[in-house]
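What follows are several structures.
Paired with chain B in one complex and with chain C in the other, chain A is shared by the two complexes that follow.
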Partner chain A sequence: MSAVRTTPRSFRIALVLLVLLAGLPFLGSAYALRIGTFACMYAIMAVSWNVIGGFAGYPSFATAAFFGFGAYCGGILLGKSWTLLAAVSIAGGAAFVAALLFGMVLLRLRGHYFAIGSLAVAEVLRELTNTASNLTGGGMGLNIPLAVKGSDSVLGEATFFFWAMWAMLFLCFISVRLIQTSKLGFGLVCIKQNESAADMIGVNATLYKSLAFAFSGVFVAMAGVLYAAWVHYIEPGDVFDVLFAVKPIVMALLGGLGSPVGALLGAFAFLGIEELVWRNYLQIHSGVLGFLVVVLLLFLPHGLMSLTQSLRSRSGRKAVA
Partner chain B sequence: MPGPRSMRELLRLVGVTRRFGGLTAVNDVHLTVGEGEILGLIGPNGAGKTTLVNVITGVHRASAGQVLYEGRDITRLRPYQSARVGIARTFQIVQPFPELTAIENVAAAALFSQAGMSQASARASAAAQLAFVGLGEMADKPAFSLTLAMRKRLELAKALAMKPRLLFLDEVNAGLNSTEVDHAKQLIREVAGRGVTVVLIEHLMKVVLTVCHRVVVLQNGALIADGTPKEVVNDPQVVGAYLGKKYAQLHEPQHGRQSAGAQSGVADTSVGVADTLPAGEKR
Partner chain C sequence: MLGVQVILNGLVLGCLYACIAAGFSLVWGVLNVINLMHGSFIVLGSYLAWGAYQALGLGPWTTLLLAAPLFFGLGYAVQRGILNRVIAAPVLVTLTLTFGLDLMLNNAMLVAFKADYRRLILDPPLGTWSMGELVVPVDRVIAMLFALLLTLVLYAILRRSRVGRAIVAVRLDREAARLMGVDVPVIYATAFGFGAAMAGCAGVLLAMIFPISPISSGPYLGKAFVVCVLGGLGSVPGAVVGGLFLGLIESVGSIVLGPEHAVTLSFSLLIVFLIVRPHGLLGKRGFE
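Showing the complex of A and B:
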C-alpha cells in the first residue's frame, strides 16, 4: 500500500516470532521476563502508532497521553478493587471514545501542527492528574494493590504480567493487521496519499482519521493498565513521559513506516540496541543510542522491512538469471 | 452537435454566489443542467469556473444561493457526501494517490463512493474502467510513474468508477498533444453515450465546439452567455471577454448570427485556429 507493503509471508514470519517470544518464561529468568514485558509493551505502542502515523500519515505524539490515561484509569479502578480484566476493558473503552472525540477536533490540524497539538494532550492530562489529587494522588503518585491473587512469588507475578502483556500485543498486532487489510485501512492510505482527493471519491476523512486515532490509543491504554498493575506505583511524570510518545515513532520508523510487521521488528530491534548500548556506554548511552538511530534512518530510510524486500528482489533476480 | 433538448433537469443552480473576503469569485449564477447533456463551461482564467465546481461538489460552501441536484438541496453537502450521491469530478491538476497502483487508485474510487461495494468487487469494477480508458496494461504500475496523459485518463477512470450521474471534467485536455486530445474527446463522447451528464471545463475551443451540446460562458464570476456552441462563439460579449477579436475575424468578418452558411463555417475554421486561440490562456 504505502512505501512498504506487508506481504502475507512477512506477516506469517512475524507471527512465528511472536509465538517464539511467548516461550520466554521457560528460561526462568526474572531479568529476561522484565525485558520481555517491556518489549511487548513498546511493541504495542509502536504497532498502535502505526495506525495513525503509518497508515494515515498523521504524526501523533499522543501515545504518552493514551498510556498515562490507561495507567491512571486502571490504577484508580484497581484501587477500588475492580478486577484486572474489568479495569483493562473499561480503560480501553474509555480511551477509544475519548480519542474518537479528541480526534474530531485535533485532526483538523495537519502535519507539524497536528504533531504539536497531539503532544499537548499528554501535557494537559498530566496537569489534570496533578491537580485532581483526591482521585489520583496528584504528584504523590498512586499506589496500586496487588491485582493478581495467588501469585505472591516475584517470579510468578513477573510471569503473569509477561503473559498478559504478550497477549495484549498479540491482540493488538492481529487487530492492526485486520485494519490494514480492511476498507478502513485502504481509506487511511488514500488519506495519507492525498486527503482532498480521498474526500472527493467519498472517503469520510474526518471519521476515518478519528477512528485511526482511537485505534492507535485503545491498546496503548490497555497496556497502561497492565503496566500500572505490574509496577504497583505510578506518578504523572512517569506514565505521561514524553519518551513514551517519541520511542514508538522511532521504532516504527526503524522497522518501516506503514507496516505493522515492521513496527513489531522495529520495537524489538530498538530495545535490543538500547539494552546493549545502555550496558556498554553507561555514561553516554543516550548519545550513542541517538547516533545509532540517526545512522540507521539515514542508511535505511524505509526501515528494516526494506531489507527483506531488497533481499527478496535480489533472490528473485537470481531466479530469473 | 445535435443536443438532446427539453430533457429532465438534473442540476439547478439558483443565485449561487461565493465570496472569498472582498473578492466575489462566483456571482449570482443561475444555471440548469439537463440529464444526458454535455455542457461546456468556458471563460478566461480566474473567471470562477473551478470555484463554481468546488461550490457544487461541496469543497467550498456557497456564500449565497442554492444548489439543487435531482430537486434535492445539496448546497451544504460535504465533498465525500456529494461523491456518494453521484457527483464526480476530475481535477485540473491531477490528484492521484501517487504511491498506489493505477488499479488501487480506481478501486478506491469505486469502493468509497458506493455503498455495499466489497474490496473485491471494487477491484473488478476498477479493472473494467481502466480497460475502458485504455490503461489496462498499466493497472499494476504506481500512479506516479504514469505520464501526464495517462494520469489524466486515470483521473477519468477514477471518476467513472464512482458511477456518477453528473461528471465534471476540469480541463482534462490541458497539456495533452493533439492525438491525446482526440482520444480524450472520443472518451468523453462515449461516457456521455452511457447516459452520464457531463460538464466540461475547457479552454480548447476545438473540443468545446465539437463535443458540447450547449455552452455557458463565465466572466468575473458571472454568466455572460448560454447557448449552442455556435451561438456562443458569435456572441459579441463572449468575443470581447474571452475569444478575442482576432478569433472572431478569423472565422467571420461580422459577429452575425443568422447565416447558416457562416455558422457551419465557424465549426470548420475554428478547428484550424483552435490551437492558437488559447495562446493568451493557459495553453
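Showing the complex of A and C:
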C-alpha cells in the first residue's frame, strides 16, 4: 500500500502542532484569528472526509451537503434563540442520524456513481433551501443573531469562535484517530481493499460504511453551525458550495490519503497556499488553485508527506552506498 | 392544448439535453472518467458561436463546422497530454484532476469574457411558428434538429466507422482490444476528442437559445450527469432517451410544481435512479 502510514510519532507531532495553534489568540491579531479559524474549519473537513474517502475508499462529495445542512440547522435554531451549544449538538446529532440512514442506501453505489450521488445530495439540499424561503430565507440568505453574550469586543468574539472551532477540530481529530485504531477503522480498510472479501469474513460492510459516512458528516455539520454563528449571514450558494466538497479531497490528497495527520497538515498547507493565491492573484485565484490541483495530482499523487519519505529513502540509500 | 404545448417544449429541450449528454456519456463509458470540464466546453462553444457571429457574421450552423474540429483537437490534446497520465489511477484522482482543469478553463473564460451575460441575437430574428394554439420559436426548432443530427452523426461514427468500432471495443474489453492491435491511448484520446466536440457543438446550438456566461457551466454539467444516469451510460440511444425523459419531466414538473422546483426534481430523480436502477433506462447491468 502506498498510502502514508500514521506512525505514533507523526501523531504526536500533529498533536503538538494543534496545541501550538491554540496559542494563536495571544498574538492579538484579528487577521491571524480569522485565518486560524478557517484553518481549523478546513482541517475538520479534511480529517472528517478521510474517514469515508481515505479509510473506506469511497469518493464522497457530500462534505458540502453536511456543511450546509449544519449551517442552516444552526442558523435556524439560533434564530429561534436557542443556545449555541444546543444548536451544535442538535445539528450534529441530526446530521449523524441522517447520514447513517442515507448512507445505507447511497453507499450501495460504488466509484463514480457514489461520487455523483453524493454530489447530488448537496444540490438537492441547496435547491430545497432555496425554495423553502419561509424557514430559510431562500435566496435572500439568513441573518443570524449574535450567539455569544458577554463578549463586548469584536476581538473577543473572534477569539471565542477561534477557540470553539479549535475545540471542534481537536475533538474531531481525536475521534478520527480513535476510529482509525479501532475495529471500525480496521474494517473500513478491509472494505477499501476488497469489499466482497470483507463481507465474507464477517465485516458488516453496510453498517461500517454507513457509520463511516455518518462520522465523516457529524463534525462537518457542527463546524457548519459554528461557521454560521461566526459569520452571522449565510446563503444557499455560499454554504452548499461545491468547492466545500472538493477542497477537503484536495487537502487530504495533499497530505497523503488515508492518514488523519496527513489530512490535518494538508489542510493547513492548502489554506496557506489559498491565502497566498487570494492575496496576490485575486482575479485568477480559482485558475491558480486549479493549476495547483493539476500539478499536485500529476506530480505528487501521494501527497506532501511522500516527499519527505522519498527524500529520506534517498538519503538512506546514499548512506548505504 | 396546454398539455401538448408543454410536451412539445419538453421534447425540444430534451433533444438539446441529449446532445449535451451524448459526449459526456461516451467519455464516462469508455474512459471511466467523469469529465467535469464538459460544462465549460459547452460554454466555450457558445462563446465561439457568439464571437464568430459578431466578428465574421457566421451563423451558428456554419460555426458548427468550425467548432467540431477545434474542440476535437482540444479534447484530444487534453487527454493525450494530461489525462492519459493518470488514467489508471483511482476514480478520485481523475475526478479531481478534471475539476482542477475546469477551474482553470472557467477562470480563463471569466477573465476573457467577464461574467456578464451575453446574447447571440440573430439579425433578422427567425420568429416563431404557430400551428393553431401551439407556438414554437424557430431558433429552438433549428437547434433541436441540429442537436438530433449531431447525435445521429456520433451514433453513426460509433456504429459504422473503424475508429468508432475500436472505441466500442475498448469500452467492452480494454485488454482484448489491445490484443487485437487497438492502440488504447490513441482511442482514449479520440473518444475524449469526440466528447469535447459534442460539447462544443452543443454550446454553439445553445448560444441560439440561452444567454451565455461562464457561470452556466455548472448547470449544464448537472444536466449531463442526470441524463447519463437516467438513460444509461456510454450509449448514444441511452443519452437520447435520458435527455428526452429529463426534458419532459422538467417541462411537466415546472407546470405542475412550479419552475423553482425543476432542479430539485431532476436531482431527486437522479438519486432515485442511482439507487433503484443505476444502469439507467437502457443501460446494461455490469457496466458500473
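Keep this in mind: the second predicted complex is superposed on the first by the 305 of 321 C-alpha atoms of A that agree within 3 Å, B and C clash if a C-alpha of one lies under 4 Å from a C-alpha of the other, contacts with A are read in each partner's own complex, and residues count from 1 in each chain.
The criterion applied here is as follows: contacts are C-beta pairs under 8 Å (C-beta built on N, C-alpha and C of every residue); 3 or more make two chains touch, one makes a residue touch a chain.
These figures come from a predicted structure and were not determined experimentally.
**Student:** Which term applies to chain B and chain C once both are placed on chain A by superposition, clash or fit?
**Tutor:** fit
**Student:** Taking the superposition on A as described, I'd like to know which of chain B and chain C A:V189 touches: first, second, both or neither.
**Tutor:** In the superposition, A:V189 contacts chain B only.
**Student:** Once chain A of both complexes is superposed, is A:A205 in touch with chain B (first), chain C (second), both, or neither?
**Tutor:** Only chain B is touched by A:A205; chain C is not.
**Student:** Examine A:L253 and indicate which partner it touches, taking first as chain B and second as chain C; both and neither are also allowed.
**Tutor:** second
**Student:** Where does A:A197 make contact in the superposed view: on chain B (first), on chain C (second), on both, or on neither?
**Tutor:** So A:A197 only meets chain B here.
**Student:** Which angle, to the nearest 10 degrees, do you get at the Cα centre of chain A between the Cα centres of chain B and chain C?
**Tutor:** 80
**Student:** Quick one: is A:R9 in contact with chain B, with chain C, with both, or with neither? Answer first, second, both or neither.
**Tutor:** Neither partner.
**Student:** Who contacts more of chain A, chain B or chain C?
**Tutor:** Touched residues of chain A are more numerous for C.
**Student:** After the superposition, pull out the minimum Cα separation from chain B to chain C in whole angstrom, please.
**Tutor:** Distance of closest C-alpha approach: 12 Å.
**Student:** Can you list the chain C residues touching chain A in their complex?
**Tutor:** For chain C paired with chain A, touching residues are 28, 32, 34, 82, 85-86, 89-93, 95-97, 99-108, 111, 218, 222, 225, 229, 260-261, 263-264, 267-268, 270-271, 274-275, 278, 288.
**Student:** Using the touch rule from the top, collect the residues of chain A that touch chain C in their complex.
**Tutor:** Its residues touching chain C are 53, 57, 59, 105-106, 108-113, 115-117, 119-121, 123-124, 127-128, 130-131, 242, 246, 249-250, 253, 283-287, 289-294, 297-298, 301.
**Student:** Inside the complex, what are the residues of chain A that reach chain B?
**Tutor:** Its residues touching chain B are 1-3, 183, 186-187, 189-190, 193-194, 196-205.
**Student:** What residues of chain B sit close enough to touch chain A in their complex?
**Tutor:** Touching chain A: residues 57, 59, 78-80, 83-84, 88-89, 91, 95-100, 104, 108-109, 111-114, 119, 158, 162 of chain B.
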